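You will see subunit A twice below: alongside subunit B first, and alongside subunit C after that.
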Partner chain A sequence: MTDMALSAPAPRKRRSNWQLLMANRLAAAGLFIFGFIVVLAVLAPALPLPNPDITDQPNRLLPPFADGHLLGTDHLGRDILSRLIWGTQVSLIVGVSATALAAIFGSLIGLVAGYARGATDSVLMRFVDMLMAFPYILLAIAIVAALGPGLLNALYAIAIVNIPFFARNIRGVTVSIRNREFVDAARLSGKSHPAILFTEVLPNVLPVIVITMSTTVGWMILETAGLSFLGLGAQPPTSDLGSMLGQARAQLFTAPHASIIPGIMIFVLVMSINLLGDGIRDVLDPRLRSGALDRPMPVTKIDRKTKPANEIEDAPALVVENLSTGFDDGRSIAPAVRDISFRLRKGECLGLIGESGSGKSVTALSLMGLVASPPGVITAGGVYIEGREVLGLPEHALIALRGARVAYVFQDPLTTLHPLFRVGEQIAEAILVHESVGRTHANRRAVELMETVGIRDAGSRANAYPHELSGGQRQRIGIAMALANDPDIIIADEPTTALDVTVQAKILELLHDLRRQRGLALLLITHDFGVVAQVCDRVAVMKDGEIVEQGETSKVLRNPQHDYTKRLIACVPELGEGQAFLDRVRPLFEGAGA
Partner chain B sequence: MTDNAVEIRDLVKTYGGGRSLFGRKAGEIHAAKGISLDVKRGETLGIVGESGSGKSTLARILVGLEAPTSGTMQIDGKPWEELAAAGSRAFGRTIQYVFQDPVASLNPRKTIGDILDVPLRLLCGYDAGKRASRKKELVDAVQMPLDTLERFPHEFSGGQAQRIAIARALAAEARILVLDEPVSALDVSVQAQVLLLLQSLRDELDLSYLFISHDLAVVESISDRVAVMYLGEVVELNHAAKLFAAPQHDYTRALIASAPRLDTSGMA
Partner chain C sequence: MTAYIGKRLLAAVPVILGLSIIVFLVMKLIPGDPAQALLGSYATPENVERINRALGLDRSWPEQYVIWIGNLLQGDFGRSYILNRPVIDEVLERFGATLILAGASLIICSVLGILAGIVSAVRQFGWTDRIVTFFVLIGISMPAFFLGLVLILLFAVQWRLLPASGMYAVYGGGDLPDLLRHLILPAGTLAIVATGVVARLTRAAMLEVLRQDFIRTARAKGLSENAVIYRHAFRAALVSIIPVIGIQAGFVLGGAVYIETVFQWPGLGQMLVKAVSTRDLLLVQGGVLVAATLYVLVNLLADVAQALLDPRLKA
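Up next is the complex of A and B:
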């Protein structure tokens, strides 16, 4: 029992959300500033502040640090500090309540529209479109004008104009979750549609709602201030950051502090909320957390203790010596592949086989320094192309080798081809990156290459977009792109896994022929022993990041030496074997605990 | 009442074809063109075919996730329309579905215990005590440790997740299981283990399987009879051994010829 060990895997050590948030300095600063402002606003009734609404005409427009008035007084002689703190309280309450209202109704509309689809979706989303058809602040002003000025009406107006923002966001997420298999599974478990919507879909949408809320609160506070500034929100004598600003603008030149102070407060408040909101989004979005959206460095970080020899004598096309690559999780480097060594001659095909997680793809990507960094680090070993060590080369030299001497073919060309460019252009682009030939020349070469990889009617197919081609044709385009600059070595990472067997057979044949005709060295990464048996001269078996066995394909298949290889080969059902297969493998898994 | 678990007659499913706003006729896709099949009780019927052959459409119609354009079906002796009228619970009690991607078919924000609880509560109507004991039995039946129940789906490997998905399908106590590429996403050694598990569950619980896969050798290893689908039609149906030994249809022959084999030299 290897994969199926009786105990589930130990939970991975992950930093908690709180630790992650604190690690983001800007977000932490935002949190502390925002927290301080909230505490101040909440404590307003308990603080020893003068009444914010009592006017004192003789002491009007006192500058800051005046006696008894730390921040001075406004045009009616009211204490600015007191009005500021009370005003912040009002702004916060209005902003947060408006966000909550917009989130509840907007999310509800988005969830129902995204889940129900069809007519319900159309009706709800056209209603949302109608709201969006009016300029934002104009709509809010119109609503307040209709309801009459006042804080509560301003709150409703702001909530309503923000509903589209939530509805559209949440609908998009809901549509993608609705199509996930666990929703179908819940239906087959007997759940009704409302139950699925609120117990299966909602928990998965919730992080998006929280993220959207955290990024909109600041905006809503700003809008409340805007409406109050125009005199449509808080009515005198209630203080509110926007109305303070509005009332003080008449004295902007004689007593600038009366308008600057609430202005600074709005700035600090909104800024701290936005910083905090960004931090919360980073923590809750798993893709951001894993660093997947970080821009990786152009070449994998290389941190080798000992530098291997720069050149080796009479080496074949590709030599890999003691290559080790790991992933840096912040504290230590977890090794992904260890001590990989193999050689690949011109015109030869080496199969790299192993189960998921065995490090096949990391090995392939390490060869040209393509493992995303962070977190990838190459910790030891060397890669020699025609005898020259390449990982030690300067960055631009290594990048120039990619595609020119060593080309990759990936598993699913639908994800590696750009959906918005015609396939001919994409092949031509691969040529133009390395050679400065004209566009027309490159286009002609692209069509030739498409013919080489067996695409019929290549001239017209060059104008097709990737989605207009079948899976097999797309993979042929992927191979054509790899061939664009006459590379010596092609690294094919599961090139046929996404294809049907009949198409797979043709693609493997194509790779085989190209290798013959062009003397290519082919490194074929696969999990399928059948594929290895068909095209590879030699095979290397990987397990847990190490090569456990290496040799000629027919020898390894017929007489595997390592226990792991034996097991792997035994587990492949043979066509024509029928139910005898299960009887044959049963002893392998008995007595191991299951 | 026949001794067939599933009877399908002349099943047709067409996508699209509606008229757009301006009266233009949209293109039609024929996913199933008159399929007729029987699954006998206690039998495993394998269905092989390439992408776009209509395998998954057939499966999704059978479990009530989609409606057929025409044709009749009897599932466990009950007409499909009757089950559809009674709602998703009626389907869930009669026939269950195991998805291709086990991890995607488990809600990432629920524990395995919560996931298994739903069919036991809604389909079987058990009380809390009975549910707790059934959950333990189920986890045990698919050879997983008891603490599985408190864990979340992402803590399991693909093979373990597929065992859990099978446990959920068993929880409904339906006698018919539709398995849609249940081992395609798994590594070979795990695949063999899951196949063994499916075989022993079928024999113990007297289940009937409709086993869908694109992998001929896998289908052959578990099926009694095999149907070959091509562009929405069943082109050949025969006992597994006979079908692979003496394929009748050209497409079946092409499929068998394309399958990668280990013995390149013919002497392995």
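Up next is the complex of A and C:
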């Protein structure tokens, strides 16, 4: 899949963090609402509001829109609007202070632990782990119980229980930074540890601190409000949003507005912060963005301007005609494979060779619509199996061909086999998809297939998980899976690249034998002309997404037409050649810029 | 597998000891002299000294801790002065109620969260995804105590469908249907706020897994999209979803404090809030320790479940 990584969308023009944040509509909305609430809370003393603490018994529990009380009054006749704005101010101050305290102490612990490592790290992090082992509201309650109810104590409690989050996050980043070159350089220049920590490490850790703060501050406001709601935080006459709600609860049935108004305020405040926090996180660390990854569709997107013929006469097993595949970066489609054509007969082996990024894997995956999409798009051409065009088939019909008529063997069997299923199960599954035989029958066939591909003691190895097998055995499982339904065509995408040299030879031999015994059409993708020379009847050479030369292997080897082919052939070293290899290869690359 | 479980159980022992140390230290935070507080105006120096000796407060902290933990292990959590009964009796009596509430919420939020997460990953950027994302946002921003009040107003006051508080009806209740009727609102409230996190992480885990090479292999085999998603992708995603559910166990146990207060549910949370207001510290200490131990054990279970799912972890 290296080919895909290289042809990823070109970097767009960089926008400033602020522009990126504002481009995120939800984050912008969050910022707007949060900003509005903050301004209101800050301006509380200047606004024409009645004193929030003046009680007025005759006018208690007035509904909203009553004269002089826009949001009504509470059980003591106090103006709810005024109390709401003042209460918001208290909640904001407490929540933000708790976040700041947790950030300062948590980051300090994380920085020291991550930088010092060793015993200091162990002791500090074990302590942090212990704190995290509590359901954390309970720990906050225990702390408030010890210190006594009160707003300041609630603030401390919430700050303490949030320290572990900061400590853990910051430690992780610090550990990865402490061994970087610029830290080494600072150390060699004789800077003291504290100086390095605060001038070299801290600035690099800062974005993580900001992210952690922006994603936890809403939570902390919620929790301090919660403690006040329970009567453990703000004590009269001070009140925050939580204690307003807690006090109004007694009149829930008679005057629900007194509870609902502060409740909605907490909700809106916290939601605006969460929206903003997610936005900040996405801007500062796009990798953390939740679900930013696109989900690949079952079949590559097909968007061909002209539809190729549905059928062609006298076609061999596989015909590819004028195939083009590209990657959509949102604005345009960057081509990865252009106008590829080749044919493959039964029993024949075609080698598709080229360097990484030349588009050979994309070609291979395009044949059965397996290019991850988005961003992949097949923009032109046709793929004919037994003379029938398959890319234009309905999705289920194309899927039914996969594994049945055309099977794949992929590069790295450790990542391409499912890590949590037994290998026998995985082979049996391939059979069961296309044939309605019993599970026991499928299992037996799986064991037989494993024997066919040369796995000794197949009966018991079938119960192994991929990680319990060697690389060569895993690739044999991959091949057995490909053979499961007796396909006509096998597409092997660099099947030996991830393996040791000796194992490579055995796997190639196995593919070679299977092809001859079963009359398979084998499309072998590789970057190694040695491999092509060994097993392929014909070869197609790919460069920059195009086939530059195609022909019988022996002819191409003997008399390569394209400069690029000459270079590829020359790059296969011979044993004992030594310095002569470089002398031989060097002239071929002069002026080639490779 | 038994060896693995044994190893995990052993590893939980220091964690639980650590919990007890933290609770012990928190109790040492208490400002002022306990003897003085107990004696009030009778706090002559002689009396203070006598009480300190009687309570073991004249010994060093490590000594005090060892004596304290020894008592705990024998089931002696001290005596609640306010309730005038052993702490352990009160805690155990309320433990069941909290277990029912938190357990029901955990099950609901796991099932709903996982379903919502899968659907929103599969229909990424579609309208289902948007709706789920919207509810996730509401869930993580909504104070549980406020949502509880709103639901009481709607379901108990407005529509008179469900009881507003308590665990059983005062008259004629006491059977399972009665319990379930009382459970719906509190467990539902707690589950709604807890679902958001599960859904969000399930979605992220599914999207992550769907990009893996082995999913492409599953597709290359010719598996239907449903099999790819529900058998191959979900199975792999579940490995990273299970620890999240372990963490949510802590969230519902903590959230139970609010819910039990709002719905008058006779569990540990309600007991703790009352105990903090009356400064019944031994009761707080007992309740927190028992709840925290339960949380450690649930996470242990999550570890074991994860190892059962992922053979690579057992090594």
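Throughout what follows, the second predicted complex is superposed on the first by the 410 of 594 C-alpha atoms of A that agree within 3 Å, B and C clash if a C-alpha of one lies under 4 Å from a C-alpha of the other, contacts with A are read in each partner's own complex, and residues count from 1 in each chain.
By definition in this document, a residue touches a chain if its C-beta (ideal position, glycine included) is under 8 Å from a C-beta of that chain, and two chains touch if they have at least 3 such contacts.
Bear in mind that the values here come from a model prediction, so they are computed numbers and not experimental data.
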(request) Kindly classify A:V123 by the partners it touches after superposition: subunit B alone (first), subunit C alone (second), both, or neither? (result) neither
(message) So in the superposed three-chain picture, is A:G576 touching just subunit B, just subunit C, both, or none of them (first/second/both/neither)?
(response) first
(message) Is A:R567 touching anything from subunit B or subunit C once the two structures are fitted on A? First, second, both or neither.
(response) first
(request) Identify the partner contact of A:A185: answer first if only subunit B is touched, second if only subunit C is, both if each is, neither if none is. (result) first
(message) I'd like to know which partner A:L43 touches here: subunit B for first, subunit C for second, both or neither.
(response) neither
(request) Would you sort A:G530 into first (subunit B), second (subunit C), both or neither based on which partner it touches? (result) first
(request) Check whether subunit B or subunit C contacts more residues of subunit A in the superposed model. (result) C
(request) Would you mind writing out the residues of subunit B in touch with subunit A in their complex? (result) 50-51, 63-65, 88-89, 91-93, 96-97, 99-101, 104-110, 115, 118-119, 122-123, 143, 145, 147-148, 151, 155-160, 165, 168, 171-172, 187-193, 195-196, 199, 214-218, 220-222, 240-241, 244-245, 254-265, 268
(request) State the interface residues of subunit A toward subunit C in the complex, per the touch definition above. (result) 1, 126, 129-131, 133-139, 141-149, 218, 222, 225-226, 229-232, 242, 245, 249, 252-253, 256, 259-260, 263-264, 266-267, 270-271, 274-275, 290-291, 293-296, 298, 365, 368, 370, 372, 396, 399-404, 407-408, 410, 412, 415-421, 429-430, 433-434, 465, 467-468, 478, 481, 484
(request) Enumerate the contact residues on subunit A facing subunit B in the complex. (result) 2-4, 6-9, 11, 180-182, 184-192, 200, 203-204, 355-356, 471, 500-505, 508, 527-531, 533-534, 553-554, 557-558, 567-569, 571-579, 581-582, 585-586, 588-589, 594
(request) Report the residues of subunit C in contact with subunit A in the complex, numbered from low to high. (result) 15, 18-19, 21-23, 26-27, 29-31, 120-122, 124, 137-138, 140-146, 149-150, 152-153, 157, 200, 203-204, 206-208, 210-225, 227-228, 232, 235-236, 239, 249-251, 253-255, 257-258, 261-262, 272-273, 275-277, 279, 281, 284-285, 287-288, 291-292, 295-296, 299, 309-312
